[in-house]
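I'd like to ask you about the structure that follows.
Chain nomenclature is as follows: A, B, C, D and E, assigned in order of appearance, with residue numbering initiated at 1 for each chain independently.
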Amino acid sequence: MDLLRKIGVPVAAILIFLGFWEFLVWVNGWPNYVMASPSDLPDAYIRFWNLFLTGSWQTLWRTVAGLGIAVVAGTLVGMVMGFSRIARDGLYPLLVGFNAVPKATLVPVLALLFIGQHNFNTVLMAFLISFFPIAVSVGIGLSTLEPEYRDILRSLGASRFTIFRKIALPKTLPEFFGALKVSVTLAFIGTNLVEIISPHGKGLGALFLSGQTNSNYPLMFAVLIALAVLGILLYYAVVALERIFAGWAERPQG
Amino acid sequence: MDLLRKIGVPVAAILIFLGFWEFLVWVNGWPNYVMASPSDLPDAYIRFWNLFLTGSWQTLWRTVAGLGIAVVAGTLVGMVMGFSRIARDGLYPLLVGFNAVPKATLVPVLALLFIGQHNFNTVLMAFLISFFPIAVSVGIGLSTLEPEYRDILRSLGASRFTIFRKIALPKTLPEFFGALKVSVTLAFIGTNLVEIISPHGKGLGALFLSGQTNSNYPLMFAVLIALAVLGILLYYAVVALERIFAGWAERPQG
Amino acid sequence: SAQTSMPFALDWKFEGPAAPYFLAVDSGLFSDAGLEVEISEGKGSLDAIPKVATGAFPVGFADINSLMRFLDQNPGAPVTAIMMIYDKPPFAVVGRKSLGVETAKDLEGKVLGAPPPDGAWAQFPIFAAENGLDMEQITVEPVGFPTREPMLAEGQVAAVTGFSFSSTLNLKRLGVPEDDLSVILMADNGVDLYGNAIIVNTDFAAENAEAVTGFLTAIAAGWRAAIVDPDAAIEALIERNPAADADLEKERLQMAIDDNVLTDFVAENGLGGIDADRMASAIEQTATVYEFTSEPDAALYFDDSYLPAADSRMLK
Amino acid sequence: MANLIEIKGVTHAYKTPNGPLPVLDGLEIAVPEGEFAAVVGPSGCGKSTLTRLIAGLMKPDRGEVWLHGRLVKSPRKTVGMAFQNPVMLEWRTILQNVILPLEIVAPSMPRKDRIARAEELLALVGLGGFEDKRPSELSGGMRQRASLCRAIVHKPDVLIMDEPFGALDAFTREDLWQTMHELRAKEPFTAVLITHDLRESVYLGDQVFVLSGRPATTQYVLDVTYPGDGMRRLEGLYTPEAAAMLATLREQIQIAQGRHPGPAVH
Amino acid sequence: MANLIEIKGVTHAYKTPNGPLPVLDGLEIAVPEGEFAAVVGPSGCGKSTLTRLIAGLMKPDRGEVWLHGRLVKSPRKTVGMAFQNPVMLEWRTILQNVILPLEIVAPSMPRKDRIARAEELLALVGLGGFEDKRPSELSGGMRQRASLCRAIVHKPDVLIMDEPFGALDAFTREDLWQTMHELRAKEPFTAVLITHDLRESVYLGDQVFVLSGRPATTQYVLDVTYPGDGMRRLEGLYTPEAAAMLATLREQIQIAQGRHPGPAVH
């Protein structure tokens, strides 16, 4: 029953979505170049399966690397913002300003600054685009921590960092994981922006470009779906971590 | 003193950032086409100030419109996910998958589906890209609501929606506003993606393109900074709302 | 022997017209000249030019008209063109006969789809002036690159601006019959502009004059070989872009050769040189659509001193 | 008079990772309309669980809870509940916290009347002047008093109080006992009071139910016959009759805790 | 014996939007090493505030707090604190909650020893078998007992308890009083106990400090001379000596609440 729900429900949701998509395309009679339908995609996967595999791997590891850095850096920035009002007042506008700049326009700048460092560029972009939600959530978790909780450790003379590690972080883990879910998707976007805008022939982005060059619309859609699947995979990895570390937080909704 | 901190700190932070940027460019001797320096920008603003004003306005209203829809839709989706485990299990993977798809690649699809509906397209993209953090934060706020809080109203036979409105939403407002800050930046990116990828001659994106066509790098950087400024403005609007509605949540960090 | 490293920045993706360079790599033309050449794809001329200007790539491939603007905006940037490849630029208006567009004049009263950052669209005012078009009567619909051809295929616009070999083939792919297409090359309709050229970082060239000349020699030889055996060229390309459709890219290459590279002038004088009068006229035409911040000077944009002897640049 | 609250053979166990934890076992409680039932029992025996069952916040594994002659399946608007842990909504002032139930139960009541009602109750429990404070600015005992106001602000028929005076000093507590009696005279309600103060149970209760240790059963029911002329007075607690009742209860609780009842040292 | 805890002329006011709220006004308290100071006073008078000042969680506006002959400027590792609101960390089991202070104060203590210590204390307060439960699976009184374990697990020199038995029934409470005495004999500590149960203050305290209403001053200090042969026994509470002390305290509290002290009805 529980397993059925855990696996069955997402699978059913995805199938319903695919069915709906197929139906929409069919009903509107959209040609491939407007929107390919799910039934067009298996062809693309069969023809290029090895490219999909290598591309996915290349995209995935860069994304995960960027995300990993984002988690560490985001947590640090969030801590600084959470503990100090001044840091919060000063950093927030800068971070928001930076994040409001479309990253697509920054890719060429990065590519010129670190010419040829494709891996570095890609990981950097995945990091830059995905650390903000984490920083925000950690910062908020800290600045809204109820004094009752903080005082448990403060009364023992614990350092701010200890309070963060033992109380604030665990207490905000649910929100932290929520931010991580957002960041996962952003990191993928970052990786792909670089792969598409400053192409270096690697990853799913390269496959997308090649589909574009050839006006192979089903291939392009197939790449997008592959990206979505990678995103979902990484999401389940996050969920697994969440179950382990923040399972306590979910409350029955009687 | 308080005013000094509220205004002085952000201003100082921004000045320090600009100074650092100017210094970096100067020390590395980067030419404009690698990275323009802040001192190059006033020229661009002076020359094109009216374009900046109209462009900013066009970008801003579309962004705010998209964001407004994102808030409403995100809250609704978040409510559904927060109240029902099944909805959560089914919707999350779909949403994550959708969000892992780079929106840049979706712009052409939208543009073809709704040909010529530039305003609609732009607002739609701003909405699509920015609703996820809100949905996630509302969903988490609901699913981790402590039963003690919920029971205050449940014991009176209040409906789920009432509990959401009177307890869950206010209680998660801090996280909600955090998500909103992330969404603000994303909405800007959405608007600009459309303005740049599927140009319709409106908004700051159009100005950026025109800088690009003419290799006017300072203009391009000036547009990016203008975007950042718009983002910061909207951020302060969010902060103002936050002060009003969630000011109680901030706890002194003794 | 110590090879000179010369990374080469293309302006665009690995498509048919890039095949000659890969052929040159694969048949050892560069390594024979003591050069180690790695080819990178790009996102348009505006991406390739700064790459060369910063010196990250000593050589690149970019539109000379974009280069003019770049040099005007960034005076003193160490970059210049040294070998013209597209003697005729691929700037074109592609229309559909079934929608009433066959000649330039037919555009009046129709809807023209144009991506604002498009290179061809940038030159459209020259084209319009040379052909006496009344811009008032043309409805210009801004479109995005990815939607340009689909919109023409859907009949939402009657014509689009674009590169001849890109737009035409994309349209064929979208199922528009070839004989319904009318490709109006701007170069055939009064526009004197040149097209893409090999560009070089001038600091690099000054120090490695011999290597640069050797590079250009190999480029010419690459084109020559590709013209003789397009299949081999495409094979070299497919290796780098595995998902590419060989037939399509071959057609694209052939169009580039026929329309843009192997012009009468090139057949006569060899690949790479320019005609000073035409260049002057091109600058003059550019000045009608672009406001130079300083006096334009042809010498800044093109330097023929690295070109190898004419006979080694003959394509036939 | 009919029994307004009837708990019939209620059995409940919490599901825990290492098997079910039986908490209530065939509990029987009946409270006639307008009466006050005090419930005492050892810590952790299931008293708070009982309040949640009466309020309809949980369903018992077996057995039935009846209110007003109707089987309780879900919470009712006519119930007021003071939780053991007096959670206040930090984003509302004390006054707004107290008003909250009115917003749900009497949405059409004019704002002015709501405020008047809440202010009246706050003054009654000694919190006049603290209406506009945030919950975090109140002491533990003050929060508990505010929580009591929140439970009765909408004049519920049934009032369930889970150790409502636990954090109060003896005198404030005695004042509030008095206040409860006065309120009951003015706005009749039927009440269930969980407490661990035996004097409180005798002073406020018409019946005192002693629960056994976990799993709790109704171990003993004491019918309170309060000494005096009808109105209950504090002095009554120091009469021999009251002392006898208290002694009985002590003994019963000692049994409930599984000890040999010692000599009633009082 | 030197005074381990010394509170000298402590005055404190909370800043609130409508001006400062004076809470403590020149408070004087001194507790010799190894002794037990009970503090009683009306609800909201400033007792919890006092505990926060002693623990160094807040600084007084005026006056000084000395611990161990050193001025308190920030919290110390040798203090144990049981808060009035026994907040437990929901992501930890009860056992892990109790161990928490050891992780801070004795990071090098072997895991096994920590667990043994925590288990021993939990058994002492009657929570054996609940080690692996989540806080939300405990009743209010059980949480309070676990919180007490958390306060003493690291053998603090100074133990501050803010109504630690408030949610417990009479017998569990009396058991824990006994436990406190035993603990004190085994692991000597100096304690401040906030309570509103006068019997508790007399049974546990060596001195009882009665605070006046807000702003609180030290209104009265009772030196407890507990009847009996040294070991305190519950029976002692029912002796005339104890009754006299209780009567005095009742009277003082009544004064603290600003009432005319009534006849000592007991």
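Here are some notes:
In this text, a contact is a pair of C-beta atoms (placed from the backbone, for glycine too) under 8 Å apart; a residue touches a chain by one contact, two chains touch by 3 or more.
Listed by chain with UniProt protein names: A, B = NitT/TauT family transport system permease protein; D, E = NitT/TauT family transport system ATP-binding protein.
Because the structure is a prediction, the values reported are computed rather than measured.
When the partners of chain B are compared with those of chain E, the chains appearing in both lists are A, D. Note on connectivity: the fewest steps through touching chains from chain C to chain E is 2.
Steps from chain C to chain D, minimised over paths through touching chains, total 2. Taken over every residue number at the interface, the positions common to chain A and chain B amount to over half, indicating a same-residue contact. Of all chain pairs, the one linked by the most C-beta contacts is A-B.
Work out the mean CA point of chain A and of chain E, and you get 49 Å between them. Chain A and chain B, compared by their mean Cα positions, are separated by 16 Å. In chain B, the positions touching at least two other chains are 33-34, 112, 146-147, 154, 249, 254. Multi-chain contact residues of chain C, defined as those touching 2 or more other chains: 50, 54, 146, 150. In chain D, the residues that reach two or more other chains under the touch definition are 57, 85.
Interface residues of chain B facing chain C in the complex, by the touch rule stated above, are 31-34, 107-108, 111-112, 115-116, 197-201, 206, 209-210, 212-217. Residues 14, 16-18, 21, 40-44, 46-48, 84-85, 126, 132-133, 137-142, 145, 162-163, 166-173, 196-198, 234-235, 238, 250, 253-254, 257, 259, 265-266 of chain D are the ones that touch chain E when the two sit in their complex. On the chain E side of its complex with chain A, the touching residues are 52, 55-57, 74-77, 79, 81, 83, 85, 87, 89-92, 100-101, 103-105, 134, 150, 154. Listed in rising order, the residues of chain B touching chain D in the complex are 146, 148-149, 151-158, 162, 166-167, 170-171, 173, 246, 248-249. In the complex of the two chains, the chain A residues touching chain B come out as 5-6, 9-10, 12-14, 17, 30, 33-35, 82-86, 89-94, 96-106, 109, 112-113, 132-133, 136-137, 139-140, 142-147, 150, 154, 174-175, 177-179, 181-182, 184-186, 188-189, 192-193, 196, 208, 220, 224, 227-232, 234-236, 239, 249-254.
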